[in-house]
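Paired with chain B in one complex and with chain C in the other, chain A is shared by the two complexes that follow.
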Partner chain A sequence: MTQNAHKRSGIADRLEAWLPKIILAPTTLAMIVCMYGFILWTGALSFTKSRMLPQWEFVGFLQFEKLFANPRWDVALSNLVVFGFLFIAISLLIGLLLAIFLDQKIRGEGAIRTIYLYPMAVSFVVTGTAWKWILNPGLGIEKLVRDFGFTDFEFRWLVDQEMAIYTIVIAAVWQSSGFVMAMFLAGLRGVDDSLVKAAQIDGANAWQSYWHVILPILRPVFFSAIVILSHIAIKSFDLVQALTGGGPGYASDLPANFMYTFAFNRAQMGIGAASAMIMLFGVLAILVPYLYSELRGSNRG
Partner chain B sequence: MLKKSIAACVAAASVVIAPMTQASEVEVLHWWTSGGEAKSVAYLKERLEGKGVSWKDFAVAGGGGENAMTVLKSRAVSGNPPTAAQIKGPSIQEWGELGFLASIDDVAKTNKWDSLLPGVVSDVMKYDGKYVAAPVNVHRVNWLWANPEVFKKAGASIPTTWADFIVQAKKIKDAGYIALAHGGQAWQDATVFEAVVLGVGGPEYYQKAFVELDMKALDSKTTEEVFKVFGELRQFVDANSPGRDWNVATSMVINGEAAMQIMGDWAKGEFVVAGKKPGTDFVCVASPGTSNAFTFNVDSFAFFKQSDSENQKAQKAMAQEILGSDFQKVFNLNKGSIPARLGMARDEFDTCAHDSMNAFVSSAQTGGLVPSFAHGMAVSEAVSGAIYDVATNYFNSDTSAAEGKKQLVAAVQSAM
Partner chain C sequence: MAIGRIGIYALLLAFAAVYLMPLYVMVMTSLKDIEEIRQGNLLSLPESPTFYAWVKAWGSACTGSECEGLAPFFFNSIRIVVPAVLISTLIGALNGYVLAKWKFRGSELLFGALLFGCFIPFQVILLPMARLLATLGLANTVTGLVLVHVIYGIAFTTLFFRNFYVSVPNELVKAAQLDGANFFQIFRHIFLPISVPIFTVTIIWQFTQIWNDFLFGVVYSGPGTQPITVALNNLVNTSVGGKEYNVDMAAALIAALPTLVVYVLAGKYFVRGLTAGAVKG
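Showing the complex of A and B:
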């Protein structure tokens, strides 16, 4: 009897030990196959001459050569640099300022916070379409100001090859800075009041206490925000599609749009896969140092 | 009790399954989901059902059919392709090369398709000398749509050459109208570019350079001339054009904001819906310098290999139906194009369609009937995509004609 009970509890123990693994197994398997499996698959495809369908005839780095010889890819890559840098920098700046202002214990903070956070709830397609109308010279800002009587006013970045990429920055910043604000606000609320008090006792003014005390404490928030924003930047596809359609010409193309066009519309799966791999390396270049510093930090702690 | 209910279940199941396995069925992949197009497909369905062939609709929305193609690829690779799919142009050859397409040559022989279709069109429908696809319509792409009211007010006349176009368009612009209604999307840029290629270079040059991709023809003085004229057109387009949809541009011509648009015959539908009459409220003429030429854009259904013999029969019934004069008439009246098959009764079509039919027949004899590269009829998707890129980038920048030619040659070469 006692032996039996012992045995049963043995099984139960073992089951308990195995249960989490069993429950996690399907997800893990799906992850391995659908994420890493397909990354490898895409990597392999980028070395083949695949056009409309996968074809396993290997051609070495030919697709990558073709990719970098393509002027449209150059435009897409340099757009990504411009867009990524401005988008991250401006979103961080605006988000941080909004968070600091909101943190001054003002009235109606909840309502204001919701208003600023709201764009995040809208999909990029909606953002893109709305800004397409706002920035259209014949419909939006230019027409409005002209109707006010300033008939020489010109604001036509959307239809200008040189400037179109900046309209994407505007729309993306509008969408994401509220989210950055929320992250910073949470960070600011976590700052120990006694530290700020101590700084004030030491005679620091508001500017100094933010610059020397609070912002350094917020360093992890900066890191998370940058990582999340750079993901958004590299993956940006729907915003471009809705706002400019990559135009005028292909002046506002980003790598994700390039990849989609070549892999799915143009039956150039090899070049599409090659561009996807370059994008993956872009993400890794940001992610690996970040993970490295994070993991090293937690090991030390 | 148990036995009985099992038996009942089996019986019920066999009733459900039976019609699926016995009656013949066609599953058709297409992206004609809106307005007149959907009506046209519904008519085909009706006709086939009258013959005892059931129709399984496999519509994947998305205007240009990119979504549909993605679905089709995955279905074909997994060994379960539909009976027929809306595929056109050189893509038919690509699918044929991959070994997916079924021959419907016996249907074509008994119905004498070779005598019904012009050679250039039937060539597109064949893979390895055998019919694997059936054309439903012919669009003419090289049309100029004009608002005669605007021309009168500006004191201009409808141009017949590109040199004349530039003169007339300047008059219109000076009179305060937009001369050329245009939507700045890559395919529309390519459509205008194509009209310039055909008008400036003529059908022979067009065929050599943009269909056969002869590098000598492509890298010639003519190409530079084409780019020069194409570049001149930049000034006649309004600043708001980037990203504009083609039908919005058409409506600018309809309501008298703009004088002309260069667009395929699907634009006619917009005029007709707005209650305008061809000849009086709007004018359709061949785009400058192309009255003896015809860039065709033919929609077609390609047929996929079927294992079930009943479905093979259904597939052939469908092929026969598509080229039947009854279906061709109804479908094309709805869609604004003209029938692919020659020698049909014309009375129900309008004057623009008559012009199109005449040009179709006469250009087929003179060699002016050429496939449209802007609409995926002439070259592979990779090459037409490369031409798109160059054309749209050129039109939206102030690149020189010589540089434009250089870019075109390089892009086409690397995409081949």
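Showing the complex of A and C:
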């Protein structure tokens, strides 16, 4: 009897010891197959001549050559550079400015913060739909300014090949800058007051203490914000789809839209896979140095 | 000094106005009829507010070849979001508990490898996932979309719970073990009771992510299973008859309402998820 109970608890113990691994097993399996496996699959696909269906005839770098010879990919890449740079720079600027001003013991801070951040809660498709109407040539901002008396005012970026990409910047900044503000505000709240006081005793004015004392302390926040924003920029897909549809023509395409169009609408699987791999490498190029410095930092700390 | 402070308030309020403007424009436009939209401008108030656009957006606007409004797609989104959020949160809680308190050889490596999942551009998995769903017979189904959202949400939910549980003292776990409590008893009696905030953060995060998703929705859904974001995009880009901007705006507001309501009710937790998911992830 006692022996039996002992034996049973032995099995239970062994099961108990295995529990942590059993619980992580499904996640591990999903991760190996659906993340790393799929990345390899896409990578392999990009070296084949697959079109409608995957076919495993390898053609070397042909799809990548085709990709970079494609003027549409060219446009998508240079759009990403323009969009990424402006989106990140403007969001950082506005976010930092608003955070510094909000940190001045403002009455109603909570309400103002809520207003700055709400765009982050809505979908990029909603944002795109709203701005598509606001920027509507004819009935949108153009009409509004004309009603103010400037009857010759023109604002047609949405249908302008050269300017369409900037409408994406406007909508994306509107959506994400409040979030950058929240990051900076959290950073500012973490700055040790005595450092600022010491600088002021040394004769620094408010501007100088921000420039020389506080901003250097916020460096990690800058880094995180830049990484997050560039991640958003590279993945941007829905906003373009809803706001401009990539148009006029393909003037405001980003790589994510290119990938979708070629892989799913044009049955050019090989090129689609190649463009996805380039996007992955883009993310890695930003991420790896960041994680490296993070890990080094935490080891030191 | 006083002038400086007035300047600060003026600037903060001006920005508040800019952030609010699109919402204001959407609401105003949605309450006008099409004639008034042509006569007035973005900021003008509706002279005789009408719910025509809201009724049409909900029940009869065209989203491609069908004209049943957003209602069926709203319910599609609910059918996708509810199970996907619950399953991914539950798995994340257990994963996080193991990774924080039941470490084994290789578990840290596993966590690192999983974290990478928060970062990959999903374009890189779109094609093989489509094949897998087709093989499983789940292409264009709600179940398929739930599966995809669970798989690619686990990295985030695990991260949230792991980082939360790491701060629970190990002594507490050891003491409970000495008292004879097992793996699940410790989870249930020590970890669950303190987990309300992290469950709130995670559920809100997952809800927002999945409700707002467009990429997976547009790639993996079929005619009867499209989520609301996809339907909204179709509605706006379908021009049967004249363009009805008021209906577009009402539709956009309908699609945005659930996440906006959650944000207004639980903004604190939303922001916490945002920073936890983004900064750490």
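By definition in this document, the second predicted complex is superposed on the first by the 279 of 301 C-alpha atoms of A that agree within 3 Å, B and C clash if a C-alpha of one lies under 4 Å from a C-alpha of the other, contacts with A are read in each partner's own complex, and residues count from 1 in each chain.
Assume a residue touches a chain if its C-beta (ideal position, glycine included) is under 8 Å from a C-beta of that chain, and two chains touch if they have at least 3 such contacts.
Predicted, not measured: the structure shown is a model, and the values here were computed from it.
K.L.:
Going by the contact rule stated at the top, is it chain B or chain C that touches a larger number of residues on chain A?
P.N.:
Here the partner covering more residues of chain A is C.
K.L.:
Per the contact definition in the header, classify A:217: touching chain B only (first), chain C only (second), both, or neither.
P.N.:
Neither partner.
K.L.:
Could you look at A:204 and tell me whether it touches chain B, chain C, both or neither (first, second, both, neither)?
P.N.:
Neither partner.
K.L.:
Which of the two partners, first being chain B and second being chain C, lies in contact with A:131: first, second, both, or neither?
P.N.:
A:131: touches chain C, not chain B.
K.L.:
Could you tell me if A:251 is touching chain B, chain C, both of them or neither one (first, second, both, neither)?
P.N.:
First partner only.
K.L.:
A:264 contacts which: chain B (first), chain C (second), both, neither?
P.N.:
In the superposed model, A:264 contacts both chain B and chain C.
K.L.:
Mind working out whether A:62 is in touch with chain B, chain C, both or neither, as first, second, both or neither?
P.N.:
The answer is neither, since A:62 touches no partner chain.
K.L.:
What is the contact status of A:242 with respect to chain B (first) and chain C (second): first, second, both, or neither?
P.N.:
In the superposed model, A:242 contacts chain C only, not chain B.
K.L.:
Tell me which partner A:123 touches in the superposition: chain B (first), chain C (second), both or neither.
P.N.:
Touch status of A:123: second partner only.
K.L.:
Residues of chain A that sit at the chain B interface in one complex and at the chain C interface in the other, please.
P.N.:
On chain A, the overlap between the chain B and chain C contacts is residues 132, 136, 245, 264.
K.L.:
Under the touch definition given earlier, write down the residues of chain B that touch chain A in their complex.
P.N.:
Where chain B meets chain A, its residues are 64, 66, 69-70, 73, 76-77, 91, 94, 98, 184-186, 189, 238-243, 380-382, 385, 389, 392-397, 407, 411, 414-415.
K.L.:
So in the complex, which bits of chain C are touching chain A?
P.N.:
Checking each residue of chain C against chain A gives 5, 8-9, 11-13, 15-16, 18-23, 25-26, 29, 37-38, 41-43, 91, 94-95, 98-99, 102, 104, 107, 110, 113-114, 116-117, 119-129, 131-132, 151-152, 154-155, 158, 182-183, 208, 211-215, 218-219, 229, 232-233, 236-237, 245, 248-249, 251-252, 255-256, 259-260, 262-264, 267, 270-271, 274-275, 278-279.
K.L.:
Under the stated contact criterion, what part of chain A meets chain B in this complex?
P.N.:
51-53, 66, 69-72, 132, 136-138, 156, 158-159, 161, 164, 244-251, 261-262, 264-268
K.L.:
Could you please specify the touching residues of chain A with respect to chain C in the complex?
P.N.:
16, 19-21, 23-24, 26-28, 30-31, 34-39, 41-42, 45, 54, 94, 98, 101-102, 104, 106, 112, 114-127, 129-134, 136, 139-141, 143-144, 147, 174, 178-179, 182-183, 186, 224, 228, 231, 234-235, 237-238, 241-242, 245, 255-256, 259-260, 263-264, 269, 272-273, 275-277, 279-280, 282-283, 287
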